[in-house]
Amino acid sequence: MSEYPHIKIQQEDFDLTTEVAALRAGHKDIGAVVSFVGTVRDINEGDEVSILELEHYPGMTEKALEKIRLEAHERWALESSLIIHRIGKMYPTDQIVLVAVSSRHRENAFYASHFIMDYLKTNAPFWKKETLPNGDERWVDARITDKEAENRWIK
Amino acid sequence: MSEYPHIKIQQEDFDLTTEVAALRAGHKDIGAVVSFVGTVRDINEGDEVSILELEHYPGMTEKALEKIRLEAHERWALESSLIIHRIGKMYPTDQIVLVAVSSRHRENAFYASHFIMDYLKTNAPFWKKETLPNGDERWVDARITDKEAENRWIK
Amino acid sequence: MINVLYFASFREMLGKADEQIKAEHSTVGALIESLSTRGENWQKALLENQNLQIAVNHDVAQRDTMIKAGDEIAFFPPVTGG
Amino acid sequence: MINVLYFASFREMLGKADEQIKAEHSTVGALIESLSTRGENWQKALLENQNLQIAVNHDVAQRDTMIKAGDEIAFFPPVTGG
């Protein structure tokens, strides 16, 4: 088992049913499971996108995601949680990221999964590079709206 | 195709991966998918629960769910949405309900799925009956907290 | 005729799931008054129940909702799905 | 020695992913000053960049964060995952 069993950084795709089953295993008192899947859009900033490449900072990524995950568990009563983030080359409609959270009651799972995604966006060391149909490559710029989304959760 | 293709009332279980794939089919501009799965807890009101039986009002259920679903589409920019609710006998850890929503950006999918669940809880004609280990049966009472959760969304 | 349905605990308490009744009541309230003369369990479930839920033709209704021949009227307790 | 890493657009702009540097700088700020003498692209990426992100030993750091031999210092642009 890795140091962070609830965090996975991987090139390969993931299966939602399988991952949610793993999230729920051993927890009988779950009443709610919220899963967020982020996918590659074929358009960004008005341009068609052919390839999306995800780079990360090995070591820091796991540590940053685990910190976010544990903060979610401190803020809301959760049964279990899981973060999977893919790296490498992906294509339109591919799955990029999964955040799945289980709890007894639905409100905690909704808030916690939203919180984890908002913090992941601004605190986990991943970077996206797009390739356009003409072969041009460009790094995706950070969005101000993502920083605003994070700030909403400040207590 | 049924009158409400995005609403399913069924006895059989559902597969999350399959349903989310159907939700996404034909929509290339999706960036976010939020899925809520409600499951049978083995404890309610402090008592162990052996069986949970779901009764519904055929006809009105579909109409009520479709109304909630369309209101979510009016309030948030969504690509697609799906509601599946099981009826009949279920057992602890079984899946009861799925609400899945897709959108370009994550915030809309998080809010819309949460809204649909909160409204479903108080507006869709389903009733739960629990069987305890000693064979006693009891109808589940409506929760005041569910009404409060609904009221949060009043504009 | 109107079609009257009873769900969940109401079905069990009143001992029936549905019935056909002559459409001689102008409103849901009048129908409730009439049904409540059948006995104490009817009176408790319908007339005196603050949490009574009503639907007419699959839409949420109130005691002053009008009814006419061919309508489907349903009585049930607060919903608890999801 | 300290280990210095560059990610994403920084790696491309500076032409390297990582390097070993003598640990003679007391703070991240001092290291940035030193690296920026290498040329205009270094100056722009590190010294003059309002959006510069810094990590020391996998934790978010600032210009006044202390560094010592054996540390891993990383420079990168704002993150864009998820």
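When the chains are written out, they are named A, B, C and D in that same order, and each has its own residue count from 1.
Here, a contact is a pair of C-beta atoms (placed from the backbone, for glycine too) under 8 Å apart; a residue touches a chain by one contact, two chains touch by 3 or more.
The shown structure was predicted, so the numbers you read here are calculated from the model rather than taken from an experiment.
Hopping across touching chains, the smallest step count from subunit A to subunit C is 2.
Greatest Cα centroid separation from subunit D: this falls to C. Between subunit A and subunit B, the centres computed from C-alpha atoms are 23 Å apart. Averaged Cα coordinates give subunit C a centre that lies 73 Å from the centre of subunit D.
Taking each chain's centre as the average of its CA atoms, subunit B and subunit D sit 49 Å apart. Residues of subunit A found to touch two or more other chains are 38, 117. Looking at subunit D, one finds that none of its residues touch two or more other chains. By the definition given earlier, chain contacts exist for A-B, A-D, B-C. Within the complex formed with subunit A, the subunit D residues making contact are 5, 7-9, 51, 55, 58-60, 74, 76-82.
Residues of subunit B that touch subunit A in their complex: 15-18, 20, 24, 28-43, 92-93, 104, 106-107, 109-110, 113-114, 117, 149.
Of all residues in subunit B, those touching subunit C in their complex are 38, 54-57, 59-60, 63-64, 85, 96-97, 117, 120-129, 139-143.
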